[in-house]
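Think of it as A, B, C, D and E in the order they're written, each chain with its own count starting at 1.
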C-alpha cells in the first residue's frame, strides 16, 4: 500500500472494447442483415433475376404468381419479380448517394459553422433556415422539372435538399462538443482550425453523422419513391419502385402484384433502414431534430 | 433570442420571415427561369402555331427581361398584389386562398388526430420502457412510417373504400354537405398522413417521457407522497412535451409540402397540386404565390411550435433572476 | 497602485495589469450588444518564477476567465498582460509557438478535457508532435516517461479515457501539459471534481513536480484549505474584483478583507461539531453588483453606509506584499475581523506551524 | 338527392359526433342544391387542365375544355358515331357547285341561356373571333379557307360562308367550332359561357373543381335535357377514377383506361360502353433523315411490328390493329384491307438491301404525355430487336413532349385523335402541313388530297382518299400501329347515354337518371 | 428497551443488486445500520461506494433494475419492502423525507414554488384552503431563510440561485416535519457561502427539534460539523461506524485513516506519512 490511489480509487476496468456493431440492439442487427441482403440482391440482380427486367411478354399480361413467375407479370407481361429485383439497384444507389451527399456536405458545413460560431454561424444558420422554409418538394419539382428527370439528378437534388437538415443537427452536435475543454485545450496548444475539426471534432460527431446518414437514407428512399410516383423520378421502362407502383396502380384490379411487390420491397427496405437508424441512434446518443421525414 | 418573451419572439420572427419569403421568391423565380420552354408553349401545347405563340407571348409580356418581370412582381407584392396567373388570367390571390384553405383543412384535421394519438401512444410506450407494448408499438409505428404514403393511400383505398366501403375513395370535399361529410371524405387521407407522421412523435414522446420519469423532480414528487396520477400529469407530462412539440412541428411542416403526394392519390384540390400544375405551366406568379403561401405556412407552424415550447417552459418564458 | 499589490519578494514572470474582461455576444440581427457587467474588472497581479499563486473565489468570480485570458482563449477588454518578453493580449491563434508551449492550461473536468475518441498515448503525444516535431514512433518513449512522471503505468498509453478513473484522467491531463515542457501552468480548479483521495494525490504530484522543475503556477480554486497548504501567495477575487492579495501566511492571518473573513468562516472545522448556527439568511443575491462603490458592499457586514456603496475602496498595504482593498483601515479590519472565531483558530494553527 | 354514396348515410350517422365539433361554417363548401328531386349527373374526365381551364370553344383543346364546351355550346353541325355530319344548330346546308360557298339554314326558335334568340349574327361573331389576333386560337390554322370578312347573314336564320378556296367537306371542318352569343368579351365567353347548349353554367372558376351546370329551361329540344344539373370534374388517376365510379362518387366517365378494367366488368352496378374510334398510336420517322430516308428501311420498321401483341400490351386488347395509314376501315372512306403481319425475315432482308446488313441503331423518343405512348415504345423496341433494329428509348418529360420533342426529333412515338379522312390524312402528311411529323414529301399524295377536296362526287372522292391512304401505308414515314377503342362507363342507373368515339363530341342531352 | 424503541430506521444484513447488461452486481453487501431517534447519522464514502443507493433503498424506492437480495429495511418497526404503494405514499413526505443533492433539479421546472408547496401539503392534508396553504408555505420558506417568501411563491424554480433552490428543497422536505430526514449530498457542488448557510439551517433544526437525520456526503469535514455519529462506507460495506469524534480523530480502519488523512484542512497540514513517497521525476521535464 504505497500508493493511496491503489487503495482509494476505484478504477474502471478496460472493458474489452467491442465493435460498435456488436453493441447494436437485436432489432438493428436483424435490420442490418436485411440491408445486407438487399445489397446482395441488388449486386447480384443479373444473376438471380429469372428474366431480363424490361423484356415484355415473357408471360402474358397480369399472370398471377406461379412457378414460372413467382410474383406474376405486369400489364406488359414483364416478370414482376425480376423488375422488383432490379428496382432494388436503382433505389439503393439513389438513396445511398443522396444520403451520402447530404451527410458529407451537411456534415462538413455543420462542423465548420458549429466550430467557428459567431457571425458566420448566425448568417449561415439564417440562410439554412430560409432554405428549409421552402418545402423540399417545391425545390425538387422545380429542379427535376427544369433539368429533366434522371437518376443522378434526382439523387443529387434530394441529397442537396437534406443538406440544411444535416448541417443543423451536426452543428448542434458540434457546438456541444466544441464547448468542451479538450477543444479548448487543442486551441490553447495552437492547433489549426482544420486540425481541430478533423482530429478533435470529427471523431466525436461520427455517431451523429452515422445516425444522420441513416436517417437521410430512409428519408431519401421515401422522397425518391414519391418523386418517382409523381413522375419526377426515374422514367419508364426503368424498373424503379416508385414508378412501378404508379404504373401498376391503374391496373391494380387486374393484378395487385405489380404494385404490391415494389411497395413491399420499399416498405421493408425503409423499415430496415429505420430500425438500423434507431439502433445506431441508441448507440451514438440522440441526434434528433431531423426526424425521419 | 430564445430567452426573449413571446411578443419579442413573434416580432423578431415576423421580421425574419419577411426576409425569408423574399429570398424564397428570388430562388423560386430564378429556378423557374431555368426551366426550358415557356408559359406560352405550355399553355397552347400541341395545338400551338407560330402565330398563336407569338400573340400569347406578347399578351403575357414574356419577352421582357427577367429582372424586369421580377421587379414588377415584387412591386405588386409590396402593395399586397400577388399578380395575375399567366395561365388562368386571374388574380393569383383568389386561388391561393382557396387552395391553401383546403390544404390547411386537410393538414389541420390530420394534426387534430395526430397530436393526441401520437402523444397518447408515446405515453403508452413510456409506461413500460422496453416492455412488450413498447416494442410492439414502436415496431408498428415504425413500419407504418416506412411505407411510402402513396402506397398506404392506394391500399387504404383498396381496403377501406373499395372492399369494405367504409369511406369514399376520393376526397371530393365539394360533395360534402356537412362538416361530418367533410370528415368522412377526408378520413382516408387523414389516416394516410397519420401513418407517416405518428412514429416520430411517438418516439420523441416516449424518449423524453422516459427521461423525465427518471428526473430528480419526478422522483422527488413521488417521494413527497403525491399520487401517481398527479406525478404523471402535473410533474412529468408538461416537461416531456417539448421534444414532442418539436416533432409535431416538424411533421406539420412536412405536411405543408409533403401533402402533395396524398393530394394526388386522393384527388384532393390542395396547394401542393396547384403548385405541381403551375410548375408544369411555368406560371411564374402562381408558382411564386403557392411557394410563398407554403413557406409562410411553414414559418407559421414553426412559430406556433416555438410559442408552445415557450409556454411550456417557464425557463424560456421568464427572464432568469 | 499596481506596485502595491505586488510582492517585493518575487521576480515577476507573468504580469497582469488592470485586466478587464467582458462577456458579450453581438447579436447579428437585433444589432444590439448585450451590456453585461464586466466578468473581470481592473485586476492586477503577478506570478513569479517557480511561484504558485492561488486565485480564490466563488463560482462566477471571474477566476477562470482570467486563466483563459492568459491562455489567449478569451479576449481582454482592457489591460496589459505580459509573460517574460511576450505580449499576452494576442489571442492564442496569433501567438508564437514558443509562447503557446510555455503556458499550459489544465481544466477542472478531465472527462471533458480529454478527447474520448483518442487513446491516452496519442493524447499525450500530441504536444510532442506539435512543439517538438516528434513522430509517433519517437514519441512513444517520451509518452512512457511522462506517464511515469504522473505515476501511471506505461501501458495506459493504449487505453481510452473512459477506461481509467477520474483522478487518473486528471493525471493524464497533467502529463499532456507537461509534455510541452511549460514554464507556467494554469490550473483551473483541477481537483474540485475529484474525490478527496484523488485530490490529495494530484496535489502531491503537482507539488513534487514543481519542486523539481521550478514551474510557475496559477492555481485557481475555491477551496481555501487546499490553498492554505499549496500556494505561495493568494489573490482573493469577488465578482471580478480583486479584494486581497498577499503571501499565504499573511492572507490567512488578520487583518482580513471582510470577504476573506467570510470565506474562512465558511470552512468547516474538522472533527468538531458546531453547536451554534451563524446568520442563517443567505445574503440577498442581486442579479448584478452595484456599478459604483465596493463590489462586496451589499453583502458586507461591516459596510459603512454612504461610503461603501458610492466610492471605490482603496488598496491598503497592510504588510509587505499584503494588500487589502477596503474602505476600512487596516487597524479597523484587524479589530473587527481578527476577533472572528476562524481567525482565532487560524492564528493558533499558524502559531503551531511556525 | 339521387346519387348518394351507398354507405354514406350510415357512415355519416357514425360521424355525427364529429360534426358537432365544427359545423359546416368552418370551411366554405360550395353549397349544392340539396332540395329533393334535383337530379345531378356527375361526370369525370381523365385529363386535368387546372387553372388553364376555359369554357371558350376557341381555345378548348383538351378533354375537360371540350367537355365543358360540349355542355354549354353547340355547333352548327355535329358528328355522329360514324363521323358523319348531322344537323345541330343548322338544320340544313348546301354548297355551291364547286364547294366554295356554303349556305347554312339556322334552327329557328333557339334561345341562348340568357333568353335572347339565336341568329345569324351569333354565328358570324363566333367564327370571326377565331381569327381575331387578340384571341390566339389554335383553331385558326385549320380554318384557313374561311375568309372572316366574307361570312354573311343572308337573313336572321341564314348564314353564308364565302371561302377562299373550295372545301368539299366544309361541315366536317367546322363541326367542332361552337357558337357563342354575339357581343361577349373573351373573358365572358371563358367563364360565363352564354351558349345554346342544354346546360348553362352555374359555377365555373378555372382551376376550381368541379364546374357545375344547370339545365337550360328554354333548350330547343323539348323535354331535354334529362337531368337537372351536371357536375364535371377531372380525376387524372385512372385507379382513382374507377374507384370513384364504383363507390358512387361519380356517375359517368368517357375516358377510362384501356387496361385493367376487371373490376368494372365484374360490378353489376356499372355499365361499360365501348366504341371504335380512329384514334391512332404509332411511330413517326423523318423520311429525309438517315436511315429512314430509304423506303426499304421504313418498310422494315413496319414489318418488324407484331401488331396483335402490341394491341394486347398497349391497349389491353381494347382496340384494333392499324395498317400504317390513319383512316380506320370503319370510318368514311377508310381503306378496308388486311393489316401487315410481322415478318422479321423480310424486314432483315430489306434492311440488308438498304445497306444495313448488321441492322440499325436508332433513338426513339417517347413520353408519358399520352396513354400508352411509353408502353408502345417499350413493346415495339422489344419486337424490333429481332429484326436488327436496335432502339434506345429516350423518355422526355411529358409536359414538353409536344412542344420540344415532337416535330423536333427524327424518330418519335406519336398519337392522333380521331378525325375524318381528310383531316386525318392532310394534317400530318401533306408536304406543307404545319404538323408534317414525318417530313414526308410526296407530290402524288398532295395532288390526290387536293383533288379529293375539289371532288363533289362522293364515290370518286372516296377512291382518291383511299389511293392517298395506300401511298401513306407503303411509303410514308409513319408506323400507324393501333386504333384505340374508347371506353366509357356509367353507374347502372344512368340511362340514355351513348359513348361517342370522339372525346370532343360527347353529348349528355339524352341522359336520364333513374332512382 | 428493544432495538426498535431507540432505533427509528434499521437496516439488517442488506444486500442490494443492480442489473447491468443483463447481469446482477451487488452494490451493497450484507450491510447493517441503524438510525437512532433524534440523532444525526453521517454516512460518508467516495463516489460509487453505494451510499446514494442506500439512501434510495431507505426511502423505500423500488426500481426495475435493482433488487433487494437479502436483509430488511425497517422504519419504525414497519418493513418497507412489504408495504404497498399506497401505504408507502402515506409515509413519504409525512414521516420520511428526502433532501436531494441537486435542489434545483428536484423542483419541477414547470411549476411555481407556491404550487409545489400547495400540492405537497394537500397530499396529506386535503382540507387546507388556499390561504392556509400559502401561509404555511410562507412559514416554511422563511424558516429556511429565503428572502421574500411571499414573492417566492409566484416564481418558478429557475428564478432562484442554486443555494436558494436548495433551501426551497429543504423547506419542501420539512413541510410536514418528518421523523426521518434523509439528506443526500445536500451541499455538494455548492459554493462555500451557500454550504455554510445550509449547514447553519440544519444545525438550527437539530437544536430546535428532535428530528432524526441521515446525512449522506463524501465531505467528512462538513459531516463533522453536524453529525452525532458517522458511518464510513466503502465498496458497498460499512467499514467503520461510531461517534463522530472517534471515527474522524481516531480512525481505526485503514480506509478511514487514508480518507481522513487525504482531507485538506485549514488548521493542520496534511500528514506527510500518509502521502506516497515521491518517485523520482525524470530529468527530462524541465522548464
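In the analysis below, a contact is a pair of C-beta atoms (placed from the backbone, for glycine too) under 8 Å apart; a residue touches a chain by one contact, two chains touch by 3 or more.
Keep in mind it's a predicted model, so treat the numbers as computed, not measured.
Undergrad: What is the graph distance from chain A to chain C, where chains are linked when they touch?
TA: Minimum number of steps from chain A to chain C: 1.
Undergrad: Could you tell me which chain lies farthest from chain E when each chain's centre is the average position of its Cα atoms?
TA: Relative to chain E, the chain whose C-alpha centre sits farthest away is D.
Undergrad: Would you mind pulling out the distance in Å between where the CA atoms of chain A average out and where those of chain D do?
TA: Roughly 46 Å, centre to centre.
Undergrad: Centroid from C-alpha atoms only, then distance chain D to chain E, rounded to Å. What do you get?
TA: Chain centres of chain D and chain E, defined by C-alpha means, are spaced 88 Å apart.
Undergrad: Taking the mean of the CA coordinates per chain, how far is chain B from chain C in Å?
TA: For chain B versus chain C, the centre distance works out to 54 Å.
Undergrad: What residues in chain B touch two or more of the other chains?
TA: Within chain B, residues 16, 36, 154, 264, 280, 321 contact more than one other chain.
Undergrad: Among the residues of chain A, which ones contact at least 2 other chains?
TA: 3-4, 7-8, 10, 126, 145, 249, 252
Undergrad: Name the residues of chain E that each touch 2 or more other chains.
TA: 46, 161, 258-259, 262, 275-276
Undergrad: For the complex, which residues does chain A have touching chain B?
TA: Residues 27, 126, 129-131, 133-139, 141-143, 145-147, 218, 222, 225-226, 229-230, 242, 245-246, 249, 252, 256, 259, 263, 266-271, 273-275, 278, 286, 288-289, 291-293 of chain A touch chain B in their complex.
Undergrad: Of all residues in chain D, which touch chain B in the complex?
TA: These residues of chain D touch chain B: 5-8, 11-12, 15-16, 18-19, 21-24, 26-30, 32, 34, 48, 50-53, 61-62, 133-134, 136-141, 187, 190, 205-210, 233, 235-237, 239-240, 243-244, 246-247, 249, 263, 399-400, 402-404, 406, 434.
Undergrad: Can you list the residues on chain A that touch chain D in the complex?
TA: 54-57, 60-62, 75-77, 145, 148-149, 231, 235-237, 249-255
Undergrad: Mind listing the chain D positions that touch chain A in their complex?
TA: Answer in residue numbers: 237-239, 242, 257, 259-264, 309, 312-313, 316, 368, 374-375, 378-379, 382, 393, 395-399.
Undergrad: Please give the residue numbers of chain B that touch chain D in the complex, ascending.
TA: Chain B reaches chain D through residues 36-37, 41-49, 51-53, 55-56, 59, 85, 87-90, 94-95, 98, 101-102, 105, 154, 157, 161-162, 165-170, 172-184, 264-267, 269, 274, 277-278, 280-281, 283, 286.
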